[in-house]
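Take a look at these structures.
Shared chain: subunit A. Partners: subunit B in the first complex, subunit C in the second.
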Partner chain A sequence: MVRFKNRYFVLEIVHPLHASTHRSVQEQKLTSQEVYHSLKEEVHKSHGDYGSAAFSISCNVKYLNPYTNTIFVRIRRGPHRFLATTLPFIKKIGKQDNIFLNTLYVGATVRNCHKFLRNHNRQQLAVLLKKITHPEERKKLQTSLLRACVLENVETWNTQTPMQ
Partner chain B sequence: MYERRVITKSEFHYMRVSLDVQNPAKALPVELTNVYFKQAVTAALTRLFGDIGGAMVAVDVLKYNEGDRSAILRVHSHNLVKLWSALTLTDRYMSRKCAFRVHQVSPYLMGLAVNSREYEHT
Partner chain C sequence: MAAFSDLNILHMENVSTKEKLLMAIKLGYEVVAINNYVENVLVKDDKGKSKKEPSKVVEIPAPVKVHLTERDIGDLKVKGASLKQLSRFTTVLSDPGQWRRMQEDDIQAYDLLAVQPTTEKLFHMACTAIEIDIITFNIGDKLTYYLKPAPVSKAIERGVHFEIVYSEGFHSSSRRTFIANALRIMHVTHGKNVIISSGAREAMDVRGPYDVANLGLLIGLQEPQSKDAISTNSRACVLHANTRHSVKSVISVRSSSELKAEDQWTVEACRKEASEESGDDSSESAAEEADSSFDAARPESKRRRMDGV
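This part shows the complex of A and B:
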């Protein structure tokens, strides 16, 4: 039985020039169309008409997070080689120049990619918390974390007198 | 007891090709020497398979005949399909319309020595 297999690439756009400073949202947010076209152009350069045709048939940009610059790209299992060998050569996406694409994870299912990204983001939060030195920004991050976990009132809950 | 073993697997494939240009009487902008012929072949490969894909196919021009622009090419057997398809899909050489004609293909160089198509019966 011949199976229909895919490969999901979890990519991160890294701006080497901005890496040390606090990451902020770009003025023009990234769109999946821009990502798709930049990838396709680069695959055309590296793998010619054959590569770009195989790529355009089977490739989709599945998920895009403009805040963390994370992208999920889905491509069929044969042509995934074309994408994989082209990723190191990508220097610009849309308006963002001088970037470097970091391949975080390559999975066969979107579910595993999601699991990976969830764990990766948890670790990144810890790293980010350590990096932020300004006390007000720390407070902001902590409150937004608590709000996300719906634990805003946990302090008051803990100080209530225990039931007799 | 005897055992018959036939080994047909050859590392290379050899092709006899020629480059047909439109209006052969009209001079080409650059005369097709052996170097330019090889460049035409590798340009065909990079056009179809890109910088990386075309570079992965190693083609050698073993013999080149400048008169009728024919050559013997050598390529690894697993790259034969790529080379042949790239030659088939070329349509121009330096802004002149052209076509690669494939006369013979064989896994052995000796196989190109005779050609029943072009054999002239006396």
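This part shows the complex of A and C:
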């Protein structure tokens, strides 16, 4: 029996840098339907009827996280090339304008993607800690990190002075 | 694998270059070249003057370097990487005389030199004769000349790279021309010596390295070639540019003040050695001696040419 192969795209919605902090989660609420339709429309633009047909029989949006702006998209191996080559052209999803999608990872199973995402998010916390200068917010993040991580790792962060 | 690089972040008057850089950093680029685009390095007076009249000198902007704090490059630091900023100069090549202007110091101060030839003859010249690193195309408009395989293979041999600017393809009007032109370049180079870069006019025109590699698949590159186009080829291009600032790609001269603190002792050591040899402790005469011995080692023909200059 030949295995039915899939590809899972882990995508990040990137907003303009200066605007990202001002948007609330409610404002940028997305449904997986919206994501699916804007992807399909764009595949149709680049690859025509054949592309969008191949796309529609095998694609669905598996996971959507409005807090971290992450999407999982499943598609069959083969037609995934149609999707991959279309992704750079996407500028709009649903009502959200002026965005683009950044491919973080392409995996063969959901399990792998989750594993990747866990590590990725953990890394993003370190990035955040580097960027936050406001002492109160910094403290907040540190305490929440403390709850999430092993103590030894956090102690070194605590001793670091906030960056200017 | 070599680090991801974007060798074309367009520096513009009214758009913040820093914002584009920050976006590139966020997406994981480690080598970034800030591009100064000057349409014409020679400006001729239109008012009926003869062609022999010396053309006006165009002011060339100095290479741009954006100051970034530790916090700005936090995304790279977390991965244990760092950012390398390069400067790049691009001009439209519409007259063979422009090359003479480009050899002057203010343009040679840039790390990378790129030209955009307008005719087949000039494309041939750019591929085979002049010392540049990147040949670029106005990829949003239809190419007006045919890309011949012979000069292209010569360019590949010389290590000159061909650039595909992807941000042009994001405007729906020019997407077809972008793909058509990119396919033409791909057809004649077979994916060798091709670099893909953003040419971003605004921060939202930059795409992540994996997306750019996917774009390479669309225009007919194989998967490994596509990844090379944003990593290995770009690095080769930067190395090719470095050789321009050195003698026969082997010897280069730097100011001793640029040395790291732990290497400063080498300057003292060299000075001491030279003064012992000549029996004179002034470092100037030692430098002169080194110069003349270097001159003696050079072949006759070259020496004469240098004297003439």
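Keep in mind that, in the parts below, the second predicted complex is superposed on the first by the 131 of 164 C-alpha atoms of A that agree within 3 Å, B and C clash if a C-alpha of one lies under 4 Å from a C-alpha of the other, contacts with A are read in each partner's own complex, and residues count from 1 in each chain.
To be clear about the criterion, a contact is a pair of C-beta atoms (placed from the backbone, for glycine too) under 8 Å apart; a residue touches a chain by one contact, two chains touch by 3 or more.
Everything numeric in this text was worked out from a predicted model, so none of it was measured.
A.B. asks: Counting touched residues of subunit A, say whether subunit B or subunit C comes out ahead.
C.D. replies: Touched residues of subunit A are more numerous for C.
A.B. asks: Between subunit B and subunit C, whom does A:126 touch in the aligned arrangement: first, second, both, or neither?
C.D. replies: After superposing on A, A:126 lies in contact with subunit C but is clear of subunit B.
A.B. asks: For A:85, using the defined touch cut-off, is the partner it touches subunit B, subunit C, both, or neither? Pick first, second, both or neither.
C.D. replies: So A:85 meets both subunit B and subunit C here.
A.B. asks: Pick one for A:134: touches subunit B only (first), subunit C only (second), both, or neither.
C.D. replies: It touches nothing on subunit B or subunit C.
A.B. asks: Examine A:3 and indicate which partner it touches, taking first as subunit B and second as subunit C; both and neither are also allowed.
C.D. replies: neither
A.B. asks: Based on the superposed arrangement, let me know which partner A:48 touches: subunit B (first), subunit C (second), both, or neither?
C.D. replies: first
A.B. asks: Please indicate which partner A:118 is in contact with in the superposed arrangement: first for subunit B, second for subunit C, both, or neither.
C.D. replies: Neither partner.
A.B. asks: I'd like to check the shared interface: which positions of subunit A are touched by both subunit B and subunit C across the two complexes?
C.D. replies: 46, 85
A.B. asks: Given the complex with subunit C, which residues does subunit A contribute to the contact?
C.D. replies: Per the touch definition, subunit A meets subunit C at residues 14, 16-18, 46, 81, 84-85, 87-89, 91, 98-104, 106, 123, 126-127, 130-131, 133, 163-164.
A.B. asks: Provide the residue numbers of subunit C that touch subunit A in the complex, in ascending order.
C.D. replies: Answer in residue numbers: 19, 22-23, 26-27, 69-71, 74-75, 77-79, 166, 169-170, 175, 203-204, 207-208, 210-212, 214-215, 217-218.
A.B. asks: So in the complex, the part of subunit A that touches subunit B is made up of which residues?
C.D. replies: For this pair, the touching residues of subunit A are 43-51, 85-86.
A.B. asks: Spell out the residues on subunit B that touch subunit A in their complex, using ranges where they run on.
C.D. replies: Of all residues in subunit B, those touching subunit A are 46-54.
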